[in-house]
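Shared chain: chain A. Partners: chain B in the first complex, chain C in the second.
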Partner chain A sequence: MNPAPTNDNPFAGDNSGIQQRETAARWALRVGSYIVVLITLAIMLHIFIKGAPVVFQSKWPFVNTQFLTELPATLHVIEDQQGNHIETDVNGADAVKKKLGDNFRSEKTVSYSGGGILGPIVGTALLVIVSVGVALFLGVACAIYLSEYAKHGKFLEMVRLAILNLAGVPSVVFGLFGLGAFVLTAPTFVDVPADRSVFSIPLGFTTLSFEGWDTCVLSGGFTLAFVILPVIITASEQCLQAVPQGFRETSMALGATRWQTIRYSVLPFATPGILTSSILGIARAAGETAPIMFTAALAFKDKLPWQKDLPPLPADASIFAHWEQSVARFLGIFTESVQALPYHIYTLAAKIPQNEYAERAQYGSVFVFLVLVASLAASSVMLRKRLRAKYRW
Partner chain B sequence: MNSLPTPSRPPLRSVLLRSRKHTILGFDPQKLIKYFFGSNASVAIIVLVLIMVFLLREGIDFLPTYQRELQTYRRAGLEFCDIIDQPLQKNQTLSSSLRQALSASLETLSKTARDRRDAAFLLKRQVEDKSARPRESLAQALEKAPQDPGQIDVLRRELGAATAAAVKAVDYPELFTQAEREQLEREFAALTPEVTDLPPMLQTLVEDFNVKDREAKTKFADLVTAQEEFEEAAEPLQEVLDELKAKALETKEKAVEFEVLETNRQRLLEAAATESDPKEKASLTKEAEESVAETVNLEESIKEITGRTAELREQVEKYAVVIEKAAADLPKDAGTGAARKLVNDVREGIPVHAREMRAAAAKLEDWHWDKPVSIFSVMGAFFFGTQWITNSSWQDFFGFVPLLTGSLVIAAIAILIATPVSVVAAIYTNQFASEREKELIKPVIEFIQAIPSVVLGFIGISLVGNLIKDVSEWSWLQWVPGFPIQERLNMFNAGCLLAFMAVPTMFSLSEDALNNVPRAYIDASDALGATKLQTVFRVIVPAGISGILSAILLGLGRVVGETMVVLLVAGNRIAIPDFSAGPGVIFQPAHTLTGIIAQELGEVSRGSSHWQALFMVGIVLFAISLLVNWCARAVARRFEPHKA
Partner chain C sequence: MSADFTAQSTPPPVVQVRDMDFSYGASKALFDINLKVQYHRVTALIGPSGCGKSTLLRCINRMNDRVLSARVTKGEVLVKGKNIYDADVDLTQLRKQVGMVFQKSNPFPKSIYENVAYGLRIHGEKNKSVLDEAVERSLTHAALWEELKDRLHANALALSGGQQQRLCIARAIATVPDVLLMDEPCSALDPISTLKIEELMHQLAKEFTVVIVTHNMQQAVRVSDYTAFLHLGKLVEFAPTEELFTNPREKLTEAYLRGTFS
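Moving on, here comes the complex of A and B:
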């Protein structure tokens, strides 16, 4: 409470119209900004309230391990005559029905809503690993060129324009591109080229055929890599630019070559920044749905990527055969299509009839997904802040 | 520099320099490293080019394919039938308006009776639902061959208790008096599985309604007959048209089958020509000869259709005369104001409809089955076509306009909401907020960027949709056009979520723009004695307007290209929104450019016209994104303040 203004003080604020208008406008602006903040917090709170009970529980171990460690499955809900609902999976349904006998009343199945979400989590992780690997390699190399080598000219301008435009391409167009380029055209080694092969180069022992990789982790990962490429390039270039010019000059003055300068005086100081910023790229890659819809994602799969059926080896198989099979199993991870969290959420939200059981699976998945993505983004922001404090030139 | 005396140590210098000169395949390694990075930098360019190449490779054949399909559409006579069929669709709309008017009129008399009947039935169902479990048990026990009276007794008692509880639990609307309510309660309590007749009270209510309905129908007899007359008028015409349509469809199917077999034969012959093994060659040739299809004589079959032009025209004329008479017979008065308006609309609509039908009939004479379809008309059919119909048994149409309208309306809603919010937030954060406020507002808004779009789409389905629907039912908001809304998932819902998504982009870019305003401008304004508010709105914002505008454009690009939110939330109805509804149009569902690709591409076979059409949509989207980017850059350059 301000004391009432007196006429004694010539410097006291006056309550004229201008000042009132000033305060009113300031408050209007403030309210406008806080509306956004409040809406964001409200959405987070809503997901937390509805999603946390699915993932956490009040008993030890406090986390719903089934939800996090099982593959998605069809949920069977069996009702008995007393109105009790028993939830079970496809294998347990018959046993429950037998046990109930005459007491059985009705059975309801809810697709994708039983079990857990391990499959989607693993699939998303694989996609992120491939895409971030590819995007980091290309993006950092590009950023090094832009920041260390490039001179003003046509080429540089074109590159910058291309990066800007790439950042604006709709994600579903990236999906179409991935479908055309990686799923249907990318080169692969096969014994006999398929009919759809664009052209093939015989190499003697095998054939390099441009017939595509089919829908698989690799196709999806490469597609996502180009979605996040502009993000990675921009962030890396900023980190490289932040290294003081003096470091480079000192190194060059000592007679180091351009590459030695980059290798020993620029990259070591820029790498932590590049890595933390690329976490944002990870968050983006994990969150995109449209690019993987046609290139990698499946609505339902009852196996993890490495649980592939391979022909059993004979008992006397050589160690080489074992080794070969392990390699095949490892490579098989990347040539399988997978479930992915965002696509799983899309399936749950749009492709199945809505009821309480589906809703539980939806909010649980959304909650886990959001926690993963948000913690990535938050850790990126926090690490960047700490780095800034550490490297203060 | 040359005039300076050079140091007299050339041997050492050259030795030092030479020792470094490794070469790899004759190239300087430093150069190679530079080229390596340079080539990586060109990846962005290459990817852009590749996107274009692959989109064009899959999509460019669309025009010739669609041209062929439209050609068949014309030659088989489907187009001929559509000339009459398209305007005849109006008959449905008009007659549904009439039906609405009629039921509104009838309701003036029978509404209470009907409401009472419906409410009683609803109550009965509620009671039965609530006591469903014991009811079923009892029914089962009664069905068993040797009845167990003891068990049945127990079950009966259980059912009685459950029903009594249910009867108490349901809400009785105000429509019933206290006495009626008690009677209903008594009758519901007596419901057991053996009773098959309706409770007497319900029977009375049904009878009441029937009496009232008859009464109403006699009162509005004019309207009833006019409506029936109008509905029956189209029947003879429809009959002739259906015959023609069946014939045309048969021809089309034959023609398509012939084409498929023919291409297959050509492919086999080609394979035979290149095959070196004589045995294989013989078998391929034989197979090719076997698959010779029966050629379709389009001219013959089209004659059967065009031969009936006169008959068709006659039917159209008859139809026009009958509906004009029906229009004249339409009564002046109807039960309510709304019904009167509907009847008036129909009365005005019918002559227009009749005129259209006559014009269409006249067009039949000008129609030629072998007029070629030009590539320009195919482009017109795609870019200005108003129908996107796929998997149709009649004819697939790929018209782009419904999708474009949906995308544009949603984008407009999103930008209209997001612009003020994000610009206000940018101005406040940049100019007024304290450090602590900045530390709250900025990270929260930037965090929005990290929320995956599919999560926001899910929020739209589960939270925002219901919220908007509930709000639209509040009585004091009924003045808002379009309220109460019909669909939970609509363009406004999608627009709100997209606005939310666009806020971080627009906020950060606008804030950058405000930050870049030269310090001297602000100092000068302050020195002239301007208040803070004056400085902000008369100096800083105008100086940063180029950045703000380009931020809005980039936000627009993001909104148009967003897929998951519109796919989940926009309602996915492929039709041009009905703009005659005024501003309420934003509460209608629609489909979008991005949504259609995501929804349909997974289900079509590669190389079909539908597949190619979806890639064409992708090409257009790509072009739009490039255009928006270019505009944003142009705007940023155009309005750039001349920095002193």
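Moving on, here comes the complex of A and C:
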């Protein structure tokens, strides 16, 4: 006689709680994701709410042009007997005090919080131009060599590993490297070497002296270039490798040299990707603080890099008649120290007494900075889309 | 092993492979190859996969140089009487004389015109009328001119697979090479495109000398004047195509043709 069939599963163990664990895992992961999104949103919203009113205004032209076109200045806040606060700059302070007369109660000054942030914007722009120029040239050259010329093997693997490791070096280390290499020892042409020159080579008409470039845009730009080099090399190499091998074979089979092949059949198709990665490099270079602290940036500077006390060029002559001087003056922009946005934000946040007047400049600067970086990232995405459509295979 | 039957024909061969050994690093790929390719003839290289037919083809324009450890270890390859493995050979000039069409059609993602003009441009030709003339001539040779003359500046990738391969042929013959090497040019094409390219090959042979690698024996019969059969890196038999297919001298050839092995 057969035993009656039952619903018992003979393999079943104790599975009590398995559904609860499943639910718990799902919720833990979900909550984690929500926290990330919430924090990001909170930061963005906070900066937008506090920063946008500084940059935008309700009246024409809707943008606070003063904030974007003036240099940072000390803000003077004068209080009268009725408790009204009058904000003015250093020049207006005396006039206001005279007008108030006996009504004057107190005056306080807030560093860097008046005026605008043109200096830091210009400085960051110059630093980015130099660093991306240098990094693109060196990075693409290096990527082409690694991808197209170097023989595969252990050595190449080591070079790649070294480049990847470079990406992990803390940025303050790059800053110190830049201080030693570019500020203090980089070669420059001078008539008389400075005392601190490491060594100098007389060339007859001038002297090549290893005495550094001093704290300037050039030093900072080169330092930043080394910060973003690993990103640019790695990305460029990937873009070069993504170009089909068949293009190279065909080109060589038609009698092209290796360089012609690269120039006409590889680079054009790798360029979109290289440009995209370089724009992301711009965002990175614009945002770094530590590498420029020792090499290029000042906490405060009351002049733009091209505002120097130089005798004006003769008024009668055209710019071409004095092209040497014109070029020298243009290049002189890059041998000036500058203010830079990230360092300016650091100064505002950590180096001055905090009050409601400082807050305006702080949030305004951060807001402008975020908008700049976001628009760079957005233009990178758009550029990639357009070029992808053009160069597809 | 190799037949010296061409010795009686008077014109010198355009390509002559003499006692050539070839290796990839430690592994030997070709053994003692002897081959003569006659002007304005189509020579087919057939044989099972891995027999070295593509390697042999790539020895003729030194495309194997791209592989690091690849070396000709013995013998020589003469093109128009000059050993192309001599130290003084300029690869760019050699490859101008010995063009190549690959298995996978791979036009550059540029215009049709720029694809055909590429070879001339890299050899320094800047004259627009010379380029125009060469593009028209090459596309006509590749039986593409009528189809494409009105859209020379369209992207080459917009063409069909068969058109792309014929464009690659036009690109290869634009520099007017003596020899055109074709590495299984039809293996990725549909039968109709294949037929067009086979018809084209007879036309091409009037102007150029064609060496074609094919895994398709019927194709070798249809297009070639001479056929070389390779097996395991050795040239087993080399004869006029009709002779090789109807009356092979070697047992191995006969076995391969009958399909006893492949």
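Note that the second predicted complex is superposed on the first by the 342 of 393 C-alpha atoms of A that agree within 3 Å, B and C clash if a C-alpha of one lies under 4 Å from a C-alpha of the other, contacts with A are read in each partner's own complex, and residues count from 1 in each chain.
Rule of thumb we're sticking to: a contact is a pair of C-beta atoms (placed from the backbone, for glycine too) under 8 Å apart; a residue touches a chain by one contact, two chains touch by 3 or more.
Computed from a prediction, not measured in an experiment: that's the story for all the values here.
Considering only the touch criterion stated at the top, classify A:338 as touching first (chain B), second (chain C), both, or neither.
In the superposition, A:338 touches no partner, neither chain B nor chain C.
Touching A:35, do we find chain B (first), chain C (second), both, or neither?
first
Contacts for A:151 in the overlay, against chain B (first) and chain C (second): which applies, first, second, both or neither?
Only chain C; A:151 stays clear of chain B.
Of the two partners chain B and chain C, indicate the one touching more residues belonging to chain A.
B
Mind working out whether A:254 is in touch with chain B, chain C, both or neither, as first, second, both or neither?
second
Could you tell me if A:269 is touching chain B, chain C, both of them or neither one (first, second, both, neither)?
second
Quick check on the superposed pair: does A:71 touch chain B, chain C, both, or neither? Answer first, second, both or neither.
Neither: A:71 stays clear of chain B and chain C.
Going by the contact rule set out at the top, does A:244 touch chain B (first), chain C (second), both, or neither?
The answer is second: A:244 touches chain C but not chain B.
Report, in rising order, the residues of chain A that make contact with chain B in one complex and with chain C in the other.
Residues 257 of chain A touch both chain B and chain C.
Any idea which chain A residues touch chain B in the complex?
These residues of chain A touch chain B: 18, 21-22, 25-26, 28-30, 32-37, 39-41, 43, 46-47, 81-83, 105, 138, 141-142, 144-146, 148-150, 155, 158-159, 162-166, 168-177, 179-181, 184-185, 226, 229-230, 233, 257-259, 280, 283-284, 286-290, 293-294, 342-343, 345-346, 349-350, 359, 362-363, 366, 369-370, 373-374, 376-378, 381.
Touching chain C in the complex: which residues of chain A?
151-152, 244, 246-247, 249-257, 260, 264-265, 269, 391-393
Going by the contact rule set out above, which residues of chain B touch chain A in the complex?
The touching residues are 29-30, 33-34, 36-38, 40-45, 47-48, 50-51, 54-55, 57-58, 133, 136-137, 420-422, 424-425, 427-429, 432-433, 440-441, 443-455, 457-459, 461-463, 500, 503, 507, 531-533, 554, 557-558, 560-564, 567-568, 594, 597-598, 601-602, 606, 614-615, 618, 621-622, 625-626, 628-629, 633.
Mind listing the chain C positions that touch chain A in their complex?
Residue positions touching the partner: 61, 63, 66, 68, 91-96, 99-100, 102, 104, 106, 108-109, 118-119, 121-123, 157, 168, 171-172, 175.
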